[in-house]
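The structures come next, written out as structure tokens.
Two complexes are shown next, each including chain A; its partner changes from chain B in the first to chain C in the second.
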Partner chain A sequence: MDYAIEAEGLRRTYRSRTGWLRPRTTEVHAVRGVDLTVGRGELFGLLGPNGAGKTTTIKMLNTLLIPSAGTARICGFDVVKQTREVRRRIGYVFGGDRGLYERLTALDNLRYFAELYGVPARDQKRRIAELLELVKLTGRENERVEGYSRGMRQRLHIARGLLHEPEVIFLDEPSIGVDPVAARDLRATVANLAATGTTVLLTTHYMAEADELCDRIAVISEGEIQALGTPAELRHRADGRRVLEIEAYGVPTDALEDLQKLPGVREAAVEERGQVQVVTVQSDADADVQADVLRRLNGVRIGRVTSREPTLEDAYVAIIAAASRVAA
Partner chain B sequence: MRLLGLGSVIAYRALFNWTTPIVFVGSLLIGPLFQLIFFAYVGRELAVGDDRFYIVGNAVLSVAWTCVFGGTMAIGNERRFGTLGHVLLSPRSRTLIFLGRATPYAANGLLVAAVILTVGALLLGLHIPASAIPLLALCLAVSAVACAFFGLTLGALGLRFRDIWVISNVTTALMVLLTGVNVPFDQLPWFLRAIGAALPVTHAAAAARDAAGGAGLTGIAPNLLTEAGIGVAYAVLAAVLLRIFEAESRRRASLDTL
Partner chain C sequence: MKTLRMLLMGMLFHLKHSSRSPFEIGSFVVVPIVQATLAVYLFRAAAEPQKLLQAAVGAGMMGVWSSVLFGAGGAIQMQRWQGTLEMLMLAPRRPVMVFLPITLANGAMGSYALLATLAWGRVLYGIELDFAHPFAFPVAALVTVLSLGAFGILLASLFILVRHANAFMNALEYPIWLLSGMLLPIASLPAWTGPIAAALPTTWGARALREATAGGAVWPSLGLCAVISAVCLGLGALALVHVERKARAAATLALA
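Let's look at the complex of A and B:
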């Protein structure tokens, strides 16, 4: 098969030195042997918690970092030895406010990067106009980027990444910090890219986004791919489970450990959502753990309690938790 | 050629911090002009050198403010804006991308030096013969290009070291002392003369003084060619450093720009 992205045994170790008189070298194994292939035109998701190795993997694939070991090819070109060929074929978009020239207008940002990315002069005007239309910035292109909202910046990032019509585009958390309406527009843009044949490698923290967009998903944790499959296949990882969700206020730090020891409980996690904490307990489908869980949370102020079928996010939590236990 | 021309001008507007009128006038015109006047009066009091020595010398030195800081900003500010990674992902030649950026700073430096020389001469009553103006302009232009490449060399260090502005500040302060603009070059200790001889401005200032004093092209050629050679050497050094530090950044992940 003709792959757009191929990685074999990709590893990356960061070494840092601290101290002058007694220098100490520390090593962090950010990526510990990633194998993956992404077909042409596929929309592939790379999911994982912060520090899992997602961005490091992308930086090795897009030539910004040399792997400590292993090999990777983009459209058949080696990312270490054939960087120029690779760079001609890739676009890179990352989330956040930075990465654009603040004092320039959106139009000048795009004009400059069109030069850098080798867009022929005769095509630049048309291509920039098309992209401004695609990311809905037409009419705002002559405003300085410093006055743009985060959503507008994100859309401009995407336009910049697509200037040279790359065969492969890396989207590193493009919807981070973007409001729901802008995020929906971004998802539509990404889906449209894949529909027109561009290979997309997307990293995100938002399960719904991955579920909606991706053909296949790899869950990465501790620098290794822990699970790989279609969203439906990954959801099956949580088959045979029930999920209990409890809104609570003031859950003590050791409560999760207690909950995980309860019979029938597979995973327990707590998430801060503004003022409220949401305790999520995954259990065997045939075990009724609600009474035991509430008993263990005795003294904690409890809000709404719901029981539901597991989602992709629950499968993700289960995979990450299992990986963390193995690493520990 | 478009990357060299249009690209470099856009990069200049994007990365040069001193393009707003108030900062441009304050930092690039008023500051160097007061420095020129200060040293001219000190020179008169101490009888170290005449007005031509200080006015022409400081006018040549004024190109350094734009070019040294501008060259540093041309690369260092990429880090600040988080755009360096995107620039390094370009498949195009690094020499074209980065060395091309010297042109707008050199033009800016030339403009500043011309203004400083004109205003300084008018304020302090220095007569410069009209016949000397083309050669003076040539000296300023060569110095501006050499300084811009010197600035890019310092900027290239920004790919490896985070606090590059310290180096630019120290360097420009040293240029006030070591280029023979304010302290006669032959009165410096030998080791400072050795450093000064390798800096841009030193030889252009000497050539410009000779030109203002009526020397012809033949008379100023040795100094002017030396200044041009220094500029070429810094251009080569900047290109080599950019290549080394970019390769190192891929190996050691030394760019935390993304």
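Let's look at the complex of A and C:
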């Protein structure tokens, strides 16, 4: 098969030195052997918690970082030896406010990068107009970027990443910090890209985003791919489980450990949602753990309690928790 | 043609970006006045009023050097802070083609510093602008500024590699002012500084401008300035390829 992205045994270690008289070198193994292939036109998700190695993996694939070990090819070109060939074929979009010339307009930014990325002069005007239309910034292109909202900046990032019509685009958490409406627009733009044949590698830690968009997802944690498959295949990882969700206020830090020790309980996690904490307990489908769990949370103010079928998010939590246990 | 277009567009883009910074605009207004004042009082104190114009030109050159130095270092550090350094490096171009427009833009801003220092010297202190070679002076100024822009590439290669480029940048400003004889005659410096001064394009650029101001053979000095800068550009281009690879290996392109 003709792959757009191929990675074999990709590793990256960061070394930092501190101290002058007694220098000490510390090593962080950010990526510990990633193997993956992404087909042409595929929308591939790289899902994982903060610090899992998602951005490092992307930066090795897009030539910004040289791998400590392993090899990677984009459209058949080696990312270390054939850098310029790779760069001609890729676009890179990252989340957040940075990466643009704020004091200049969107049009200035796009014109400059079009020139830099080798878009022929005769095509620049048409291409920029098309992209402004695609990312819904037509009419706002003469405003300075510093006045743009986070969502508008993100859309401008995407337009910039597509200027030279790349075959492969890397989207590194493009919806981070973007409001729900803008995030929905972003997802629609990304889906359109894949529909028109662009290969997309998307990193995110938003489960719904990955579930809605991706053909296949790799869950990465502790620098390694822990699971890889279609969203439906990953969801099966949580088969045979039930999920108990409890809204609570003031859950003590040691409560989770207690909950995890209960018979029938597979995982327990707590998530802050504004004022409320949501305790999620995954258990064997045939075990009724609700009474035991509530007993252990005695003294904690409890809100709504629901029992439901597991989702992709629960499968993800299970995969990440298992990886953390192995690493510990 | 495509290359020239890219260089020109890139230079104009970075000039435009700098011109929108209140800090840069403030510096543009204040620094030439300070430099003109410095030149005037140094030479008045030395009771050499006939050398006021030379002093003003020297002070202007200091401005050109500061602009190139802080441009090469500061602008690249700024690209890193803005998160644009990685986006620049992702361009499918030779690294020198990406960074030369930035250092040329800084050279162009430096030429403004030179002109503004002379203008303020005339307006505030009545310095007579009677150049010995009035036609050679603008040519010398243009070539010097372009040459220093090219020299900036060599500096840029150092600054991409070093995450805390500011420390190096600050340490290089005053020594080059002194070594190149921008304000003080090179003859008044210790003999061991001579070979270092001779290897710097700033020395020959400053000398060409001084000769265009006070009289002397402008073109040999200017030629040497251009040749040394061309060598620096070549070395810088090679160094940038090496340095870009090292920066990718050491992960110094981004802040975090």
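Keep this in mind: the second predicted complex is superposed on the first by the 328 of 328 C-alpha atoms of A that agree within 3 Å, B and C clash if a C-alpha of one lies under 4 Å from a C-alpha of the other, contacts with A are read in each partner's own complex, and residues count from 1 in each chain.
By definition in this document, contacts are C-beta pairs under 8 Å (C-beta built on N, C-alpha and C of every residue); 3 or more make two chains touch, one makes a residue touch a chain.
The shown structure was predicted, so the numbers you read here are calculated from the model rather than taken from an experiment.
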Clash-or-fit label for the pair chain B, chain C on chain A: clash
Which of chain B and chain C A:I66 touches, first, second, both or neither: both
Touching partner for A:G240 - first (chain B), second (chain C), both, neither: neither
Contacts of A:A121 with chain B and chain C, given as first, second, both or neither: both
Partner chain in contact with A:L100 - chain B first, chain C second, else both or neither: both
On chain A, the residue positions that both chain B and chain C contact, one per complex: 14, 62-66, 84-85, 87-88, 90, 92, 94, 96, 98-104, 108, 111-113, 115-118, 121, 160
Chain A - residues contacting chain C, complex: 14, 62-66, 84-85, 87-88, 90, 92, 94, 96, 98-104, 108, 111-113, 115-118, 121, 144, 160
Residue numbers on chain B that touch chain A, as the complex places them: 2-3, 6-7, 10-11, 13-15, 19, 81-83, 85-92, 97, 249-253, 255, 258
For the chain C and chain A complex, residues of the former touching the latter: 2, 5-6, 9-10, 13, 16-17, 20-21, 81-84, 86-93, 98, 245, 248-249, 251, 253-254
Chain B-facing residues of chain A, complex: 14-15, 55, 59, 62-66, 84-85, 87-88, 90, 92, 94, 96, 98-104, 108, 111-113, 115-118, 121, 160
